[in-house]
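Read from first to last, the chains carry the letters A, B, C and D; within each, the first residue is number 1.
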Amino acid sequence: MALMRMRQAVLKALDDAMAADGDVVLMGEDIGDAGGAFKCTEGLIGKYGRDRVIDTPISEMGFMGAAVGAAICGLKPVVEMMFIEFAGVALDQLTTEAATMRYLSRGRLTVPMVMRASAGAGQGFACQHSQMLDHWFRGTPGLKVCVPSGARTAYGLLRAAIDDPDPVIVLEPRILYGEREEFDGDPAFRIALGSAEITRPGRDATLVTAGAMLKVALAAADKTNADVEVIDMLSLAPWDRKTVAASVARTGRLITLEEAPAGTGWGGDVVAAITSDAFGALKAPPHRITLPDAPIPYSGALEKLYLPDPEYVTAQIDALVRNGRAPAAWWKEAS
Amino acid sequence: MTLANFNAPVARREALDSRREQLARMMEIRAVEERIQRLYSEGEIRGSTHLANGQEAVAVGVARATRADDVVTCTYRGHGHALALGATPLQVIAEICGRESGAAGGVGGSMHLMEPSVGLLPTFAIVGAGLPVACGAALAARTRGTDNIAVAIFGDGSTNIGAFHESMNFAAIRRLPMLFVCENNLYGEYTRIEKSTPVTDLAVRAASYAMPSAIVDGQDVDAVAEAVATAAARARAGDGPTFIEMKTYRYSGHSRSDPATYRPAGELAEWQKRDPIDILAARLVGEGAIGSGEVADLRAATAAGIEEAAQAALASAHPSPDAILSHVTAASPGESNRWNFWSKSTSGGRPTGTPPSATR
Amino acid sequence: MALMRMRQAVLKALDDAMAADGDVVLMGEDIGDAGGAFKCTEGLIGKYGRDRVIDTPISEMGFMGAAVGAAICGLKPVVEMMFIEFAGVALDQLTTEAATMRYLSRGRLTVPMVMRASAGAGQGFACQHSQMLDHWFRGTPGLKVCVPSGARTAYGLLRAAIDDPDPVIVLEPRILYGEREEFDGDPAFRIALGSAEITRPGRDATLVTAGAMLKVALAAADKTNADVEVIDMLSLAPWDRKTVAASVARTGRLITLEEAPAGTGWGGDVVAAITSDAFGALKAPPHRITLPDAPIPYSGALEKLYLPDPEYVTAQIDALVRNGRAPAAWWKEAS
Amino acid sequence: MTLANFNAPVARREALDSRREQLARMMEIRAVEERIQRLYSEGEIRGSTHLANGQEAVAVGVARATRADDVVTCTYRGHGHALALGATPLQVIAEICGRESGAAGGVGGSMHLMEPSVGLLPTFAIVGAGLPVACGAALAARTRGTDNIAVAIFGDGSTNIGAFHESMNFAAIRRLPMLFVCENNLYGEYTRIEKSTPVTDLAVRAASYAMPSAIVDGQDVDAVAEAVATAAARARAGDGPTFIEMKTYRYSGHSRSDPATYRPAGELAEWQKRDPIDILAARLVGEGAIGSGEVADLRAATAAGIEEAAQAALASAHPSPDAILSHVTAASPGESNRWNFWSKSTSGGRPTGTPPSATR
């Protein structure tokens, strides 16, 4: 099997979807002639033309809304949001318009669009270009949110998102664009939205994570003495409650590893739901590993400290499994 | 409860070819708005409701000069547009009263009327939100190779929001087949235009996008229709968008029970002297299209019809509890009945075999 | 003690704050001559003039940003957002600019502004004018979020928010504006941001709620046979973990009553944190009572079903206390 | 590490009164940008960085024609403006290299430079975001009774975003004491202006707000300064905002290693013929303000100074881990040192007893 970079998988997913369905169009800033700020649309304008690969002005509210209207009228727009933070100037069209269109029209008007955005930390883009921000969308009735963790899942989720008859947000961890992974590029490959994957089976604890944190989770699972089951959420809304609950029923311990401060992370909802589902099986309190309640620093030295690394996660898992209680987060000890 | 017949909205739209029907439709809009005002006082309407009496000529003029398979986005002040485009009085009143027979099955209310069969998307409750969506509809029309156009209708106050600017620019740079129809009724909520907007003629704003524009007497349905027809023809021909400023006036306050005390004394009376219904009625009498005695009869008949529709709406069922959870996503309960715009296989855009929503 | 409507308390808080501090200015649509869409600023323009009560064009991003700039430069702007949904066209200025200003400037530039917005359901404003939407802000480092539950708390929180040296979001449940409550209007009264109130003490279960749901919670607590402690969160970010944890340590049961679908409600984070803090004390799985995953319907008949009422909440509490397990949400049984 | 002296930024701003210093500052900006490009290649810079070489005249012209206690918002393409306004090369380079001695203590990086003592708010990384904030600063100046102004600086591409429109309208309707300075460098990222914007002269957009405007040769620092001075005087006098379009060009690509292959052949060379530094140098030589042999010396001396600053930046400390959790809210760790704009008790707006940040 060939190694593929995540950006290549995204590009292939878009290319395959456009080839398969003439209604799929792309919209975004510099996605055409320039091939995208992260080169995820390179070459597509030459292949599919300016009517299907649409370079937009710097007008996120405008082109997000245009995608909504185009979707209602029979196209399947895939919008590229260069950095997810820019959705802060366009939120209304997704959370208020796209999300309610099917409901308000009693099924007559639907919005089969995708917004894919680069997201996440780790590369020194500083606090206004490094967040995941899934909480702006996650849980909004009518919207789906997913997060790939590499080339294979990027392909499978993006194709599923484009196939989906409703609006879907795909948050692509920017730091993974250049990472390579084995993936055969099968154009039929899909990952059902709403389903998680058990990436690594284990018996002592369930470590639930997503996106760029998957690698950290797997490294920590390798390091710890405990036998850790790692689940890649893939979809944050809806999320795969069955798979997580079944895992925790087996392991008796639930740990989340989230690339977000606790107040915005997806883990709260997950922990609450699973605690309810698997209360009797819990051998220790569920535990969330999150980012501190602070913006993301630019300095490389600081950003490295800011983000959880395998050592830190290992220590948290070890303590939870050994003592039935995880130590306080590093910033709570520190302050 | 099937007062409206199968093709009612499209037929109602096409009926606007008749001069007499144009007048009757304006009277209908007026009567509906007045009835809604009373329904509000009677406690039949929740939340908010925004009347457009006084602005009937814009609604009928736009509807008459566009096609049933064009797409229209407009605002919460959309009762008149819905009726002009073809939605039935029952659909409109029932929706505003939260009934299942309403245009949105009762889940939307006054701010969210719609009728896909005549191109009306759910009316937009967020100022400015309909403009980018109309751009997208126009984009889809062009990409799909139809000669349809999109029409974005919005108020004077909405020209100060970012989405207006972004949409005008986007439409201009891509030469989208669409119309920007601004109903300049001089007020955004309780604020007169000069307090929020440093220009008097909003049409000057089109120059920022090198977009053609026109200023139109919004109280004259023929002037409205002519300007819209010209711009629509240009759009269909691939020559891009047009901005049309309709000078008009709302007789009522902004919403609900707003008494509009902020208006200068005499302003309303001044505008009422150029009432759009009176203007058309006089013209039709002059043309001999209608007898002078018939105007009052038409008005009375219209009012009676609306009263009937209001009674039917009030007598109709509340939505079933199932409606709460239906149609949230494709996986939710609820019959799948997506409207296929411009589908090649059917006339009027209605996909074969799908029961039109207007018959609920 | 006099009865005061919540809208009067908001007006008094603004009036008192403006009288006490010449730097406090108001901005918003129709807040001046018209006195505000919900009459919360009535008369203030006459008293304080057009430079301090600023009627804005319909330009939420514009005036929200202007408030940020004015706050940096020495004013204390209080922005009225007529319906919280309109923040969907202005989010960037709060979550990205205001929230990071102090951090990026290392304390040199600060944003002592308040955004107060009407929010919540129950009056037939339909799905785009009826949400709480605290999740757009809650947990964002640098932002605070609070929700009053009546006249007294509206006054105390709003004054505290205006005093606060950082950006604060006050979500005023619209349905309570006309409700009357005993409040003496003491201009020195403040409710510390981040602190909850135990509104009703009890021993069998802790029912945590906020805003318009408080009344429902209290009615349910009266109805049930269990002895329920009701906590009014008041602040959603930061939230009063100490008070809630101490209560659950006593009662052994935690129930949240949230005016939001589960995926966006504040209860996930609360349940996860408290489960961690009070795991040993839990006699039953924590339980969340939320709205269904669907937009808010216009029809009065439907909206009444959509929102939790005291009977429903009572049944949930009863079951949890009696059987150690709450029944499924009504919509899960239904579907 | 205290290369900058106590009052360095304000003194540097005031030094721009000298013609020679204007030239030196433009050379300094050019040298800093070139050094940053190299630092990027050398792996010393994370994320992204956006150079403004070629646009030096706008930066120095604006800085020279405004006061140190005015407020400026600008964008990620802000290195030149920061230096022109008074931030030191060490502050700028160190920030971009993530050092504690940087303008934001190393937590902000290239996109978030700032120096409150000369009015520069943290540069804005979100397109359009600085414009409303500048409106607010202007509003505060007026409300607080000072004669200060605010200056919003942004690119051509930014005139297509909603915040631009809302800010222009808001400033015009309230006659705010401010300037909108648009650096029209013909590109927004990799897109040439005619692909995103249907008008060539962005100044025409001011008419939408009945706002006065000017089109200025942005490569001529004197033309820039004159237009800014005129508009600033008008703003200070209470006569409202002005939109100024600076026709300019960025020599580098949009960011980082963008080779800018999308530019038409010869375009760069054509602009380089009107290099802003050369234009001013020739003028000063002509005026006799500087000897013709001195120009090269000044350039060399500047480059040497920048190399020293770069070395000092690289040799300086990384921020301490405490910086991660400090200054999130007032309750966070970190010395309270709020900048008080226009406080009556101190000069230059610096509150008594507060150590200025520039000395770190």
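One rule holds for everything that comes next: a residue touches a chain if its C-beta (ideal position, glycine included) is under 8 Å from a C-beta of that chain, and two chains touch if they have at least 3 such contacts.
Just so it is clear, the model here is predicted, and its values are computed rather than measured.
Undergrad: Let me spell it out: compute each chain's centre from its C-alpha atoms, then which one is farthest from chain C's centre?
TA: For chain C, the chain whose C-alpha mean is farthest off is D.
Undergrad: Go through C-D and B-C and name the pair with more C-beta contacts between its chains.
TA: Comparing C-D with B-C, the pair joined by more C-beta contacts is C-D.
Undergrad: So what's the Cα centroid distance for chain A and chain B, whole Å?
TA: About 40 Å separates the centre of chain A from that of chain B.
Undergrad: Roughly how many whole angstrom separate the Cα centroids of chain B and chain C?
TA: The answer is 36 Å.
Undergrad: Report the inter-chain centroid distance for chain A and chain C in whole angstrom, where each centroid is the mean of the CA atoms.
TA: Roughly 29 Å, centre to centre.
Undergrad: For chain B, jot down the residues that touch at least 2 other chains.
TA: 104, 107-108, 112, 126, 160-163, 165-166, 169, 173, 195-197, 323, 328
Undergrad: Where in chain A do residues touch two or more of the other chains?
TA: In chain A, 56-57, 59, 61-62, 85, 88-89, 92, 96, 103-104, 127-128, 141-142, 292-295 touch at least two other chains.
Undergrad: Can you check the complex and tell me which residues of chain A touch chain C?
TA: Against chain C, the touching part of chain A is residues 61, 85, 88-89, 91-92, 95-96, 99-100, 103-104, 127-128, 135-136, 138-142, 237, 260-265, 267-273, 275-276, 279, 282, 284-288, 292-295.
Undergrad: With touch defined as at the start, can you tell me which chain C residues reach chain D in the complex?
TA: Per the touch definition, chain C meets chain D at residues 25, 51-52, 54, 56-57, 59, 61-75, 77, 89, 92-93, 96-97, 101-110, 141-142, 144, 164-166.
Undergrad: Contact residues on chain A for chain D in the complex?
TA: Where chain A meets chain D, its residues are 29-30, 33-34, 37, 55-62, 85-86, 88-89, 123-129, 292-295, 297-303, 305-306, 331, 334-335.
Undergrad: Would you mind writing out the residues of chain B in touch with chain D in their complex?
TA: 160-166, 169, 172-173, 195-199, 204-205, 207-211
Undergrad: Taking the complex as given, what residues does chain D use to touch chain C?
TA: That would be residues 71, 73, 104-105, 107-108, 112, 114, 116, 121-122, 124, 126, 129, 131-144, 150, 162-163, 166-167, 169-170, 173-174, 323, 326-330, 334-343, 357 of chain D.
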